[in-house]
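When the chains are written out, they are named A, B, C and D in that same order, and each has its own residue count from 1.
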């Protein structure tokens, strides 16, 4: 039986991916923040001792609080540097991805269009997207695909926290609605189920036509 | 029964998409160059009179010959302007995409990393990618998704024409192989089959980790 | 005496560049639409017979009228294909750029963030930006720099035509004002005056921090 | 007399910028690593207590050693997180930029095309580029321009350390040479001297046409 580890797999997009991989017959290890807190490097070290290899790895984590630049403290930077960047690096350094496997990274549209209020997230998710791109080349010979999904506005608790009036906000979106976590879960499942491997080293903006840039 | 029109559907990537959509139960109209030559606007006009609506539209066409800038003639520019740009514009102006449908555009990695020998293709595919991005927003309200797939080196007749020694070339690629048309065919099928709609206005680099840019 | 040819040099940004290069002591040939209409290929052919070489070339042209996709006619596409793309290709095929020279291209922020109402401009300017990138490499050995300047909202007649209430619009901009043509003229002058050559193959978004993408 | 602070101003590109700003009559504070070590947050805190405001700020720092992903230690990540990211954040939080001023950031072409051996630099420079983009908007109302210069291969000690055979390497470059620090120094000077303000929120790839992406 193939194995899938989904970090941040108990809520939102991570949960949707966990469900979709379970439906494919994967042994799914979906961590909640209690089980693995990537902002705590000791928690990461414990985790990678218990889990040493996998076929599918999904790197996903909640975002930092909305804070503008001048109110971000040194403690904030360091905490979220761990949570959004360093914890993921340690996981990729320690957990072996089996040949022919997949690594998915769930980032955010802010990696391309950084957001004033989400400056911590914009910065560290960009940093990790860079590492991830490099590793897509390193792992390519082992037929392991690295796919960075950058969601726009998705119907999660997180979005509801960040947006005051979701109904009004939806009217401003091209599709007049938020994306559904299930669409991303199904997307991940479809890639794996169809053994699509040549999709690697790519950022997939999953944003319902909301972004302005062509590429 | 739902309908899919695949321009350039008789060979290579287009053929793979035709097969995959047939397997989903679509009524597939896959045109060869004889049936629809997008470099000939009269051929396009005939086609859009016969085919006035569809659920899925795949815009795909062969590439121009390899030519460096100073040897491209006015006739070359005009011919491929029709084939790679204007024909597609006319098709999108005339063929109605049914609500909830999909439009896929098959471009090339040269839209992002333009190639000296493929300068005609680089230019006009970029131009149409721009139109396509704009239309992704226009059509979003009708729940129609616009997905631009930009393949890297794929195992098609075209690639064999352009590359002298494919075996040697493959060794230089991160995955040590060309991509298979079927991977793209399966990708398109998977999007449609799973009713993934929020993926729109996006360029998907399908290149086996070959590109250098992060985004 | 060194020579500079500025296409579209009688108004707006082109005029500002003409003035700044005159102040550097260049022999400036600044064409108005009467003297060279790039939408008319015969006009282009006449021009390149009279002007066969230059040290500095500035490719600049007015934009097409605002039109949304479904109202663009075949005649519109063909006219602006000439004006924004093919005329420039012919000029670069025929006018020799002297070693150590410069070619500047004035495009628009729409090449990166395409605009629904400026769809013709978005498409063909993108196409030419692609050609221009390729040529930056071809000409690099001759120490000729290719610099693509992509202005955002600049204080020109064109902007006043496109924007209803400029005063109100300016309030929405990060700098609370339009850019001045002179800033671009001075920029071009500064590059040339300081013999900065290693800046080539680059797109310079000149938009007062208005764009959303990081790169 | 106007003031300019140049971090990492004693060598390479930083030194060239220091010279060019001195020639403009600026009071130049150019720090060496002894005077300000951005990898040491206490050193940064000392510095921002002594230097509380400036007209021009140049954020520049040496790069980390070449190391591939699996040999980067936790200590490495944390040290260069300080040096390339957190130190700069603290400087921008504490040093007041006077109205009408300039902030230049010297990054690297690896922010756009990340490099396997320069993975630390690729990651943290990307992170800070994201912060910098956001701040370009925040500071725009005060007429302060934020300009990110991303050099390609420049003739510095750093490049000589990283490249084995510089002569051979130069033959592979489009311009058949490295860029000169003075070209960047002159570029910065030219922007300031000509009071060009509308160039902000932009990444300027200064790479002699070496990059592959169009944008």
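Just a few scattered comments:
Methods note: contacts are C-beta pairs under 8 Å (C-beta built on N, C-alpha and C of every residue); 3 or more make two chains touch, one makes a residue touch a chain.
Keep in mind that this is a model prediction, so the values were computed, not measured.
In a homomeric contact, the two copies may use the same or different surfaces; for subunit B and subunit D, over half of the interface residue numbers are shared, pointing to the same surface. Put simply, the C-alpha centre of subunit B and that of subunit D have 40 angstrom between them.
One finds 29 Å separating the Cα centroids of subunit A and subunit B. In subunit B, the residues that touch at least two other chains are 111-112, 114, 126, 129-130, 133, 137, 211, 214-215. Chain contact topology: the protein chains form a complete graph, every chain touching every other one.
Taken in their complex, subunit B has these residues touching subunit A: 111-112, 129-130, 133, 136-137, 140-141, 143, 145-146, 152, 154, 173-176, 179-180, 183, 186-187, 189-191, 193-211, 214-215.
Only residues 41, 68-70, 72, 74, 77-78, 81, 85-86, 89-90, 92-93, 110-111, 114-116, 119, 122-124, 126-131, 133-135, 137-138, 215 of subunit B touch subunit C when the two sit together in their complex.
Listing the residues of subunit C that touch subunit A in their complex gives 111-114, 126, 211-214.
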